[in-house]
Structures are given as C-alpha cells and as structure tokens.
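Let me begin by handing over the structure; questions about it come next.
Chains here go by letter, A, B and C, matching the order in which they are written, and residues are numbered from 1 within each.
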Amino acid sequence: MPESRSAAKPLLTVEHLRKVYESSTGSVEAIGDISFQMNAGELVVIVGPSGCGKTTLLKCIAGLLRPTSGVVELEGKRVTGPPPNMALVFQEYGRSLYPWLTVRGNVDLPLKHKKLSRAERDRLIDDALVAVGLEHAAKSYPWQLSGGMQQRVAIARAVAYEPEVLIMDEPFAAVDAQTRADLEDLVRTLHRERGMSILFVTHDIDESVYLGERVVVLSKSPTWVQEDLSIDLPADRDQLVTRALPRFTELRTHVYEQIQRAKRGEAVRPGATAA
Amino acid sequence: MTATADAPVIATPAPPRGSSNFRRQRRLRTLRKVVLGLAGIAGFLVTWQLLPTLGVVNAAYFPTATDTIAQLLALFRDLEFWRNVGRTLTSWALGLLIATVLAVVLGTIIGLVPFLRRATHTTVEFLRPIPSVALIPLAILMFGYQLQAALLIIVFASFWQVFIQVLYGVADVDAVARDTARSYGLSRGAQVVSVVFPTALPYLMTGLRLAATVALILAITAEMFMSVPGLGRAIMIARESGQWTTVYALVIVTGVLGLLVNIGFRAIERRSLAWHQSVRGEEVL
Amino acid sequence: MTLYTSTVVTPRKPSRVWAKIGENTAYALGLPIILLVIWGIWSSISPAPFFPSPLVIAEAFVETWIGPAFVNDVLPSLARLGISIVLAVVLGIAAGTVIGLVRWLRELLEPIFEFFRAVPPPVLIPIVAVLVGANDTMKVVVMVTGAIWPVLLNTIEGVRSTDSVMTETAQSFAITRSERLRFLVLPAASPRIMTGVRQCLSIALILMVISEMFFSSSGLGYQIVFFQRNYLIAQMWSGIVLLGLIGVLLAVIFGFVERRVLRWYHGVKEVERA
C-alpha cells in the first residue's frame, strides 16, 4: 500500500493508460489499464513478468509512444511528446550512445540546445562524469569501453541534463552481475545525493527491492497495476548488509510471489482503478 | 517515424477490427509507394517529352519521349538489334567468367597463405586503382579491333572486384570455426572445403554482383570505342548517321540491361546471404 | 574512483624497430621490383613490339610528362576531375539528404534514380557531347552526371536508415531537428556515404579518360591515344603509367579522408570482430 501522499502535487501521474498494438497477426493489448503516481524525489521501481509491457509503459510515459487511451502528466502538463525535463537511459547502451562522439561529446550533446554558456556546460559534464566515476574516460570513445562503463556514460549523459525525472528501462539487464551491483549503488547514490526522481524498470526482483522506495508490480498482459508496495528498508543501503536483512528477504519473497501470481494470471483486477 | 503529436492525447477506443485495419494500412502504404514511384517515372517522361517540344533543347539532337519509345518498339522487331544484345551479353558473360575463375583461384591461394598476402599487398594496391579504360590503346595495339581486346579491358576491371572480395572472404574465416574443424581432425583440404568455402561464399557473391555491373559497363564501352560489334557499337553508328531516336532508345536498353543484371545478382547474393551475417566493404568500380 | 587499471608500456628495443621497418619495406617493394626486373630482362632477350623495357618507359615518362605537357594537358585534366568530383559529392550528399528525409519525395524519385544509375555512364558521353558541345564544360557535365548517382543513392539509403534507438535517444532529450541532422543522421550515414563516394571517384576517372580519349583534342587521355595512333609505344605506356599513378593517388587521398572521417566506424568494427 502506498505511503500517505504528501500534500504537494505528484510529479508524475499516469491515469488509466491503455496501449493496443496492431500487427499483421492481430491486435495485442500490451497495457490494459495502468494508473499510478510518483512524487518528486522518489525512486519507484516497476517490475513485472516478462512481456508485460514494461518497456511500452516507459515509452508512453516518455512521450515516445502514443497511448491508445489514458493520460500521462508530468508536473501537471500533459505528455504528448518527449518532454524537455525528462531523461531516458535505455537498455541497449550500445545503440543509444553515438559511436562517432567521445564520451564527453555524448554527454555534451543534449546540453547543446539548453542555452548554457560553455563554462556551465563543461561544469555539468565534469560533474556528471565524476559522479559516475568516468572522469578519466572523457576522451575515449564508447566502443572502447566495457559494457558497464558504457552504461555509466549513458547515466552521466542523463545526469548532466539535469532532468526532473530520470527514467531507466532495464538498464542493467545486459551487464554482468558484479558491474550490475556497482551500478545499482550508483543509482542509489545519485538518488540520495542529488534527490533525483527516478522511475526504474527491471525484471530482476532482488534489484527492485534493493533499489526502490516503492515497487509497482505489474500483472501480465493486458497489464494493470497488481500491487503498489512500499519498501520500508533503511535509506542507507549496502549490497552485503541490506541483502542479508530478514526484512529484505520478506519483501523479495512477497514480490516474487506476486510475480508468480501475475504470471499465472491469478490476481484479480479490482473493479475500479487499481490501488 | 517520430511519435510526436501536437494535439493532446484523446481517450479514443481502439478500432474494433484491429488486425484487418493494420493490414489495410500496410496495403495502402505499399500502394502509395508504387503509385509514387510510377508517378516519378511518369513525371520524368513528361519532362522529357516537353523539353524538345518547347525548344528548351535542340529537337534535332534530343527527340521526344514518344518518338524514342516508338523507335524502341521498332527495334524490338529488328533482328539485328537482338543480335547486338546477344553480342553484348556474350562478351559480358565471357569476360565475367574469365575474371571470376582467375580471381577465385588467385584469391583463394593468396588469401590462404599469409606470406603471399603480405608480399602481394603493394602490387595489388597499385594495380587495382588503374582505370581499365586506360588500357584501351594498349589493347587495340595488341589485338586490333577484336573481341580479345574488349575482353582484356573487361577482365582487367572485373577481376579486381571478385579478387578483393575473395581475399576478404578467405580472411574472414572464424577462428573458432577453424579450430573446431581442426580439433575434429579434418585434413587441410577438408578444412578448406567445410569452413573456408562457406565463409567466403557470400563475399564471392558480393564480388560477382559488383563485377557483373562493371563488366557490363566495360563491355559496352569497348563496343563503343573499339569497334567491337554489339549495342555500344550500334549506338555509335546511329549517332554518326544522326539517328538520334535510335541512340536514345539504345541508351534505354542499356539501362534496362544494367537494372536486370543488378537485380539478378542482388537476388543471388541475398540467397547466399540468408544464413551468413557479415559486413562486406563495398568495392569500387 | 577510477575504473582503469594501469597499462604498462615497455619501450621497443631499437634494433627490433629497424628490423621491423626493413621487413615491411622488403614486403612492400619485393614483388614489384622482381616483376620489373623480369619484365626488363624479358624485353631485352625477346623484345615484344608493344612491351618496351621498363627503363625505356621510364625515360619516355620523364621526357614526355615532365615539362610543358604537364601544364598543358595533365593539370587541366586533373582540375576538371577535381571539380567534377567535388560537385558530384556535394550535390549528391545535399540532394540525397533532402530526399532521404522526406518520405514521399524518396518514394517518388528512387525508382527513376535507380534507372539512371543503371545506365552505363560512358553511354551518356556522346549525348552530352552533342548537346553541350565538345568543350571543357562537356567533360565536367559528363563526369558529374555519371558519378553523382552512387553518392546520391547511397546518401538516401544511409539517411533513411538511422538506428531507431539512437533516434529515440535524441527525441527523449528533445534534441532539435537540425541538431539531429548534424549530430545523428549524417554521422550515422557516413559509412554508407563514403562507399558511394568511392564508387563516384572511379566512375569520374573512367569518364575523364574516355571523354578525353575519344571526344577531345587535349588532355591526358587524348595524348595517350595520339601516341598509340602514331606508334609511339613507350610514350603511350608512360601515359598509361601516369594514369595509373593518378588512380593510385585518388585512392590514397580517399583512403586518408575515409580513415579520418570513419575512424570511429573502423574502431567499432574492430571491437565487434574481437
């Protein structure tokens, strides 16, 4: 159950989102009815069974896809196209970073039209690169770096952009486990030190509980919000300590059960809106 | 295309018969593509018709589209025309065949022996950019205005296309695949057949496609300037006797031939590519 | 926190460096020298009328081309070639970008363009010659009309097939259209475009040679045919060698430009192969 909402208006609102894909083999209802809200400064993780439309949901929120029906609002304004105060980190970092630009060039690119002075831009870039630990790689090209480092570049690019909300679409799925642990901690650090609002999608249950302040569990297709769970683990998390906590195990078991129910299609959708 | 919209998102329900709507949209899109393509061709023909009619170009040297097409249809009934087509295609095919055989043999041998590759590298890189047409005067001296002279030019140019691709192909053999063959105790020859040939085949097909286009261009060039019988020579003869409708009609025929060769060899190439994922560098003419 | 482990670089031993240079030179020059020597010996043993010895050719080369002929014939040829190439590349990329980005325009023009590309370029020479006249403009027009198609069509193809994830990335960061063109579409299309430029170069060279050989009374091509018709064999060969050198020069220049422009692309390919 969600925490009692603060008096301030939510940052992001998704209301009765529905998306139907049409293909030559028939129409697919990727998203049935999704509603949830996100407040400023929250780290919300969305998790669900494979194929439940997580990426579709993100793309609708990011304005890259038009929903069939429903409303997405960011800071009170309707999202009809990619809003300027949002940044995206994709799973396919190899295809998201531009190979003809250096690391620095990639981080710089979204800043070009923001009408900042050269000095301001450099400051933002240096700051972002230090935050992700790549200050020595500024002159390298993305393809000269490992997968984990490339994803860090993508994160740095999003951080330097100073968005209101950062959206991450299974960013660590294609990265090895050790690097993934480091990157998870990086995300938590960015969230805590900079108060960034982060919407994070993953299929990894442990990751969702470790990272999130709230975990939104999606059902299987046609997707709706099966549960909106708040994670009451301490804010200061650590890969070794936190994951050994009994509460962690309880929460992850709960989420795992929910996902299993979702996969089996057992959960019953409440008549009206979810949660 | 982008999904940006200017209007706010309205809660419209999805159309009831979803998939057939999609199929209809797809059909419409293909139809639109065909219509636009035909419109482009039609527009070109209209412009062509108008240019000499309005006197923008000298009508004596630039007949209208209708006159040219009429002449083209007349040519189709002319036996000599078809003989010329046959002659062009014969020298093209012959030159392509000789070039391919030479290129496959030399390319395989040199490609498989690293010493030979290194030793021949500079020679290849120097000979390759020489424009084949630069050898026309030499060919005329050596063979006179004969088919052999034309073949020299055609083979010299086409050879490099296939040769370079075969070199790439032989070099592209996956080390893992080769090691696997070796670990199974395959002899050198069997390794070549079972690993090298399949890897190099798509490259060979690409080389063939490029060489086929080059060979056609040079076959016609040789006919134009070395008095070898064929379509090229027919163009020059028509030009000299001021039969410009014939000239343009024959130009269209050469274009169609070029298209057919290109499409044909692309199809062959795609067949051989069906299982092989690789990137080949496109080569020069 | 730094993510790099240190790399240790040991200096190469000096004697090894020289040995390497010597080895490379031997490979580079070995076969050509051997071939030339064989040719030289053969022509002195059993002289063939159309294959003078390399030394004779070298002599004729110096005599013929190092002097006024260079200024009167070679330089103008090269100038026309250069201008045509520049025109073909610039026009091809400009038009190709516009057409590639506007879908209905592309669908309208692509079929007819594919036909134009399929026509063997030398076939256009007599037509252009009679419409424009046998002068310098004609040669440039011929070269441009023949050589523009690979650049144009490859640009169209490259511009329209930008990676969708890269496009979405640009959209999600609200990058403007013109910025997208400059920093995404064109760089992503550059490998394709460079392939087209390469083909353009060789077509332009072929057209230069032919138009000068058979439709002109000046220029490098004309000189070579002149020598051939007057049985000045060595001079003819020297002309052919010069043409070969021009071809090689073009290839080398293109190689430099391509390596510079596509440095990132070669890097990506290397990483993929590893």
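Rule of thumb we're sticking to: a residue touches a chain if its C-beta (ideal position, glycine included) is under 8 Å from a C-beta of that chain, and two chains touch if they have at least 3 such contacts.
This is a predicted model, so every value here is computed, not measured.
Of all chain pairs, the one joined by the greatest number of contacting C-beta pairs is B-C. Chain centre most remote from that of chain C: A (centre = mean of CA atoms). In this assembly, the C-alpha centroid of chain A lies 49 Å from the C-alpha centroid of chain B.
Taking the mean of the C-alpha atoms as each chain's centre, chain B and chain C sit 18 Å apart.
In chain B, the positions touching at least two other chains are 2, 4.
The residues of chain A that reach two or more other chains are 63-64, 81-82, listed in rising order. Residue positions 171 of chain C each touch two or more of the other chains.
The touching residues of chain C, counted against chain B in their complex, run 27-32, 35, 50, 103-104, 107-112, 114-124, 126-127, 130-131, 167, 171, 195, 198-199, 201-203, 205-206, 209-210, 213-214, 224-225, 227-228, 233, 236-237, 240, 243-244, 247-248, 250-251, 269. The touching residues of chain B, when paired with chain A in their complex, are 2-9, 11-14, 18-19, 21-23, 26. Looking at the complex, you find that chain C touches chain A at residues 1-4, 163, 165-166, 168-169, 171-176, 179, 183-184, 187-188, 190, 264-265, 267-268, 271. Listed in rising order, the residues of chain A touching chain B in the complex are 16, 20, 22-27, 63-72, 78-82. Taken together, the chain A residues at the contact with chain C in this complex read 59, 62-64, 81-84, 86-88, 90, 92, 95-96, 98-101, 109-110, 112-113, 133-137, 141, 143-144, 149, 157, 161.
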